[in-house]
Amino acid sequence: MSTFGQAFKVTTFGESHCKSVGCIVDGCPPGLKLTEADIQVQLDRRRPGQSNLTTPRSETDTVTIQSGTELSYTLGTPICMFVPNKDQKPHDYSETDFFPRPSHADWTYLQKYGIKASSGGGRSSARETIGRVAAGAIAEKYLKAHGVEIVAFVSAVGPVRLDFLDDISGDNGKILSDLINTVTRDQVDKNITRCPVDSASEKMAEEILKRKEEKNSIGGIVTCVIRNCPVGLGEPCFDKLEAKLAHAMLSIPATKGFEFGSGFQGTKLSGSEHNDPFVSDGKGGLKTIKNHSGGIQGGISNGEHIYFNVAFKPAATISIGQESSKYDGSSGVLEARGRHDPCVLPRAVPIVESMAALVIMDALMIQNSRALSNSRLPPIPENLRAINPLGQKVKLT
Amino acid sequence: MSTFGQAFKVTTFGESHCKSVGCIVDGCPPGLKLTEADIQVQLDRRRPGQSNLTTPRSETDTVTIQSGTELSYTLGTPICMFVPNKDQKPHDYSETDFFPRPSHADWTYLQKYGIKASSGGGRSSARETIGRVAAGAIAEKYLKAHGVEIVAFVSAVGPVRLDFLDDISGDNGKILSDLINTVTRDQVDKNITRCPVDSASEKMAEEILKRKEEKNSIGGIVTCVIRNCPVGLGEPCFDKLEAKLAHAMLSIPATKGFEFGSGFQGTKLSGSEHNDPFVSDGKGGLKTIKNHSGGIQGGISNGEHIYFNVAFKPAATISIGQESSKYDGSSGVLEARGRHDPCVLPRAVPIVESMAALVIMDALMIQNSRALSNSRLPPIPENLRAINPLGQKVKLT
Amino acid sequence: MSTFGQAFKVTTFGESHCKSVGCIVDGCPPGLKLTEADIQVQLDRRRPGQSNLTTPRSETDTVTIQSGTELSYTLGTPICMFVPNKDQKPHDYSETDFFPRPSHADWTYLQKYGIKASSGGGRSSARETIGRVAAGAIAEKYLKAHGVEIVAFVSAVGPVRLDFLDDISGDNGKILSDLINTVTRDQVDKNITRCPVDSASEKMAEEILKRKEEKNSIGGIVTCVIRNCPVGLGEPCFDKLEAKLAHAMLSIPATKGFEFGSGFQGTKLSGSEHNDPFVSDGKGGLKTIKNHSGGIQGGISNGEHIYFNVAFKPAATISIGQESSKYDGSSGVLEARGRHDPCVLPRAVPIVESMAALVIMDALMIQNSRALSNSRLPPIPENLRAINPLGQKVKLT
Amino acid sequence: MSTFGQAFKVTTFGESHCKSVGCIVDGCPPGLKLTEADIQVQLDRRRPGQSNLTTPRSETDTVTIQSGTELSYTLGTPICMFVPNKDQKPHDYSETDFFPRPSHADWTYLQKYGIKASSGGGRSSARETIGRVAAGAIAEKYLKAHGVEIVAFVSAVGPVRLDFLDDISGDNGKILSDLINTVTRDQVDKNITRCPVDSASEKMAEEILKRKEEKNSIGGIVTCVIRNCPVGLGEPCFDKLEAKLAHAMLSIPATKGFEFGSGFQGTKLSGSEHNDPFVSDGKGGLKTIKNHSGGIQGGISNGEHIYFNVAFKPAATISIGQESSKYDGSSGVLEARGRHDPCVLPRAVPIVESMAALVIMDALMIQNSRALSNSRLPPIPENLRAINPLGQKVKLT
C-alpha cells in the first residue's frame, strides 16, 4: 500500500490531478532541527522543467510542513508535508481517453480497482514521488548527523553506459571504486544529465535530445552509493538490508532491476575471486579490502560503502503514434498529446537517494532499539568464546 | 525480521545447529486440502545430497505439520511446520573459529547482535530456507487451484549462460519466450543442474565439477516464470508486485540482483521499441503482444507471464586457503573445513519458486479483500466514462 | 504510533496549534460514492461550541478531501483529509507554562520525547481526534451499504447514571436491551447531553452546568451499539474483535475502561445464568436469545448486536487553582487560563462511533480476504462431519 | 491474527488437539541469559491440575526451546518454543457434537472459517495461551533486569469481591494502594485461589467449590500491577500504553472488560478530585501523590505503578444440561461431557501477567529506538523554553 517503513514510517498520498500531494512521516526522532528549506532542496532537484532534457511543464512544488514541528524542531509526532497540485482539474474527454496507454498503468489500475483517475497517471504518476522525496529529505537530515552520505548519479542512458556496468574488473573496477569513494552531489549536478563523468554526460545528453526530437524516449541506469553507513543495519532473514533496498528501488515508477555490489557480474566469478577478505581497520575492528559485497554481508551492513544500480525502462509516454487496442477491444492508433520526459533518469536521481535514505533510516532506528535494549543487559561472560569470539562485551552501535 | 507477508504471513525460525527449523504460516485460507506430502516434495528438491554437484552432507529434512489442520484440511489457524536438525551439537573449538569467514555473515552478525551462533552459519545458514520452502509449498498448493504455475530454472552458472541473459532481441528473445511459455518442473529436474537446456546444462555441470575439484565455488542465475497469475495483484505505490518480488528474492541468502521482464537490457531500448501494445484477447479483455513488462504494469499484474532473473554470488564457503584477518585483527590463512556446495544454483531453484509463491499468495489475498469489498457496492454509473471507461461494473477478479 | 488498522489503514497527523490536522485513509474500497458532506456531518457533531455544555471556543472544522476521489467516487488510493487550525500561533509565555498540568500529558510527553508542543495539548489535544472522526465517517459510509448501524450515547455523567450500568438483570436489562435495539442518532442528538433518556439527560445537564460553574469538570460513560454487524469478524487469537474494540476505545483521550456485553457485571454470574443458548433464526442459521456475549463469541462477531461501555475520566483541564509542582520541582498553584469542556462526554459520542466504525471496517476487509480466498476452493466433503458439522459448503459471508 | 507486538513479536500456534502448541518470539534482545527453567515456572502456574479448584485434567506442559539460544544465551534470532499435546487424537463422534456449545466459539468459528476443529475448543482453547505464557516469561526475564515487577492476583470470584472494586475512596483506596505497592507472587500463590487476602480467598474457594458441585461455573476479576515500569512507554495516539494493555487483556479467552487506574469508578469524580498533582521526587524529576492515572498519562507511562482490572466471564463449559439449538436448527438439551474448570480465575493470573509483560517489553523496545536515535542529536538550545521547559538536554531513558 502507501506506507513504507516500520520505525520511520512514511505514508504518501496524491494523484496527478487531485488537490495536493505529500506524505505523513511518523516516527521521526524528536529534537531534529528541521525547516521547509531542508526539504525543498531535494524537491527542487526532482521537479520538472530543470533543463531542456526534461518535460517543459513547470511546477514549483513548494512544500509546507503542516504538523510535527515547533520552533524548527521535530516534536516526535507525525510530520505532514504538503505540495499543492497547480492543475487540479480532471481533463476533458478526447480520443486518447479511449486507449489504455501501452506499458502504462491505465489498464492494470482499471482491472485492479474497477475505476481509474481520468487523466494523467493518477496514483501511478511521477507526482506520487514528491511525498517520497520530502520524507527522504528528513531522513537524510537526520542521517547527516551520523555522517551518512548518499549520492546517486546517472550511469547509463540507453546505449551510452559507463564501462563498469559491463565489467567491474581491472581499470573499470578502479573507476567504479573512485566514483563510489568520492562522488558528490555537486559533481553530479554540474551536468544536466546528472552523470558526473563529463565525456559520458555529453553523449547521454545527445542521446536524450535525439529521442526527444523523435518524440520517443530512452531508458537508463542510476548508480547510488551510501557512505559511512553504520555497521549492523538490516534485519535478517526477510528484511535483509539489500532486500529492503531492492523493495524500495523497485517501488519507484519505471524501474526494472536492482543489483548491489558485484551484482549480476558477480555471478560469473569464482568464490576465491569474489570473496572479500578481512583486514584490521587499525581501530580494533575489521574492514574488507575488496568490496564485492557492496557493504552488506549476510543481509547486514558491514561499514563499507553500499553501492547499487537501478534499471529504468524508457518512459512509456511517447508522442509517436502507437497502434494499440482501445478499452473496448477495437484497435486504433494512439497519438499521445502533451509533454513528457524523454528520459526520466536525471530526475530519478533524487528519488533513488530518497528511497535509500528511507531504508537506511528505518533500519537504523530498528537496530537502535536492539542496541539500547542489549546494552542494558550484563555482558556475556568472556569464556563463552564460541558465541562471543571477541571475549568481551560487544558495544552495539 | 523473520516474518514475511501481510495476509499470508510466514514466520521462520531455526539456526544451523539448533534443535529444529521450520515456520508458522498464519492466514492460510481455511478448507485447503493439505498433508505433509504436499510440502515434502519441495523440501526434497531443496535438500542437500541430491547429486554430486551439491554438498555430500545428507539430511532427510522430513517435515511434520504440528497444528492448523485436521483430517487433512486447513482450519484457517496457524500452521506450524517442523524439521528436526539431525546435528544439533555446537561444534568444538578449532583454529578456524578465530576467523570470521570472508563474505560470510560471521562478522556482521557479531557486530549486529554482539553474539553469534558458534558453528555453521547460525541464522544465515541455508537451513533457514527450509521454513520458506515449507511455507511456499502451501501457497503453491492453494495457487494451483487457481491454475497458477511457478517454474524456476538455472539459466547461468559462472560464464556458462543462456544467450537471452545478454540479449533479448531476435532469436534469443524467441528462446526466452518459448522457455517462459512451456518449461515444466519435470524438464527442469531431468538435469542435475536444473537447467532445462541440455547443451547448456552439460557445460554447467562441467563448470561446477571443475570448481568443486578446485575446492572453489561459482555463482549463477536463476530464471523464474509465473504463469496464469491473476490480474490485479500488487499494491502500489510501495508494495508494487515487482517490489515485493525483489524484496523476496534479495532476502534469499547469496543473492546479488533482481530484474524482471526486459530488466537491465530494457534500459537500452527506446520507448517505441519497449512499449507493449494492447490487443483484444477475444474474451472481452485485452492482452499485450510483446511482454517486455514481464507481466507487471504500474506495479500490478496484467495477466501475462511474470518472469524474472535472480543473481547468486559464488558460495562464500570454499576450502582453498584464504588470507584474512582473525576477529582480533591478526591476519592468518583460513583453511576451511568441511563440505560445502560448490554451486548453490540447483538447490536455489525451489527456494526461488517458494518465495515467488509467497509473494503471489499474499498479493492475491490482499486483492481478494478489495475485490469482495468492492463487489458489495452499487456499480459506478455508466456515464462516468472518465473514471470508468468500460462504462460498466468492472468485476474485480 | 499514529496508524490504526491493517486493511483499512488510518494515519492521523496534527497538534493543537500546528497548521492543520487530518489524516490519510489508505485501503478504502474503490467505487464508494463519497463527498466532503459525508464527512462533515460527523465533524460537526464533534466540534466545540455546540451548546453551553461544551467549550465556547468556536471552530468550524471544515474538511477538504485532498486526494483519492474523482467525480465523487473513491479511486481505491489514499484519501487525504484536511482541516486547517484557525489558531496556529504557539502562545506567549506565561506563568502557567512552568507547570506540567496535573493528569495531563505535559510531563509524560516531555519525558518520552525530550520536547513538547508549547501550548495546548500538542498531539494529546482533542484536536487529534478530528482525523479519527473524518476517517470513521468514510468507514461508516461504506458500512451503511451493508446495513451496519452504529449509535453511541451518553449513559452516565458523574453520579447520574442509567440504571443498567449497575445492574443488567430484570427491568434494567430490558431498558438496556430496548435502547440497544432501537436507539437512533436523532434520538441521541435531540438532547444536548447526547443521552437519549430525557429524564436522565436533564440531570446530566444540571450536573455538567454545576461543574462548569465550579470551574471544575466531571467524567462519565458512553455506551455504543453496533447493529447488523456481519457475522465472522475478528481475528483470533490476538486480534479478537473485542480486543480491537478495546484498543480503539482506550486510544481515545481521557478513557479509563472498556467493557462489552455483560462486562464487569458478568463476572458475578454463574455459567448457566450467563451462557447464551442458541435457537434457530428461521433462515437456516442460529441466533442467541440472550446476548450477554455482546455480539462477540470466541473473538468473532456472531450477528447479534455488539454493545459496549467506555469510561471517560473528568477532563484534566480545570480552572480551579491546583497546588502542584513546576517542571523544576518547585511547588506552586496552577491557575489554568482559558476555556475548556466541563464534560467531554457529549462530544465523545461521535468519536466512539468513529473508532467503532474503523474497527468493524478493518475487520470486515480482513474477513473479506479470507472469505473470497476460501470460496475459490472446492467444498469440503460432506462426510467430514467432524470439521464440517453442517455437512455442506459453508458460504463465508 | 496470531502475532502480537511490533518490536518484540510473538506468534503463537496450536489447537487443543493438534501435535503441539507454542510460539515463536522474534526480536528478543541478544545476550539475555535464558533457559527452559525460566519459562517453565510460569507454565507450571498456568497448567491444569494444580488444585481441586481447577480442572482435574493433568498435563505437564513441558517446554523446550527449539532455536534462538546457544550456551543459554539468546542470539537475537527467533526463539521457537514447543509444548507437545499429550492427547492429540480428535475425538469420536457423540451426541454433543451436533451442538454448538452456548457462549463458546464453535458457532462463530464455523461461520468465520467454514470449518472447525472437531473437539475441544480448537484454537479458542485455553491451550492457546501456553504460547503467550512462554513468550511472556522471556519478556519478564528481560524486564526483571530493569527492575520491573509484574504481579497479578484474583480480586473477585462471582459475588465475592475485594471492596476496592466497588469503591476506591477512603480505606478501600488505602487497601488497594497497599496491595499495589507490596503484593508479591509468593503471597498470591500461597492461596489456591490466587487471592492474597486470606479472608476473601476462603470465601472465593467456597464459591468455586459450590459452583463445581453444581456442575456450574463462576466468573471473576484479576487485578494486576506493574511496578517500576520505565517512564516514557506507550505510542500515542493509537498505541497508547493503556490501549495496548486493553488490547492484550481482551485477547485473553473469556475476558469481558478492562479498566486501569481509577477506571469506571473514576467517571463519578470531578476533575479536582481526580487529578493527580505533581510533587518533586527529590531526584530532579516529578512524581504524583495520588495515582488515579494508574501510572499512565496521555498514553505514556509516568513511572508510577500501573494497575488495572480484567473481567472474566464464567467459563462457558458447564456440565448442567442446557437447552439449545443444534447446528441444523433443531433444539435439544446439551449434556456436556468431560472435565472443566469451574472458575478460570486462578489459572488466569499468569496469563494476565504474561500479556502485561509482552506489552511493556514491546513498548520498551520501541521507546529504546526513539531514545537512542534522539541521543545522537545535538541538544535542543536552552533558550527554546517553550518546547524544552527544562532548559536542558532531556536524557531519554
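Here the chain labels run A, B, C and D in written order, and each chain numbers its own residues starting at 1.
As a convention for this text, contacts are C-beta pairs under 8 Å (C-beta built on N, C-alpha and C of every residue); 3 or more make two chains touch, one makes a residue touch a chain.
Just so you know, these numbers come straight off a predicted model, no measurement behind them.
Taking B-C and A-C together, the chain pair joined by more C-beta contacts is A-C. For subunit B, the chain whose average C-alpha position is most distant is C. Although subunit A and subunit B share one sequence, what matters here is the overlap of their interface residues, and that overlap exceeds half of the numbers used. The mean-CA centres of subunit A and subunit C are about 39 angstrom from one another, to the nearest whole unit. Centroid to centroid, with C-alpha atoms defining each point, subunit A and subunit B lie 23 Å apart. Each chain gets one centre point, the mean of its Cα atoms, and the points for subunit B and subunit C are 43 Å apart. Shared interface positions of subunit C, defined as residues touching 2 or more other chains, are 1-3, 12, 27, 30-31, 70-71, 73, 75-77, 90, 112-118, 123, 370, 374, 380, 386-387. Only residues 6-7, 27, 29-32, 70-71, 73, 75-76, 142, 145-146, 236, 364-366, 368-374, 376-380, 384, 386-387 of subunit B touch subunit C when the two sit together in their complex. Subunit C makes touch with subunit A in their complex at residues 1-3, 9, 11-15, 17-22, 24, 26-27, 30-31, 64-71, 73-80, 90, 112-118, 122-123.
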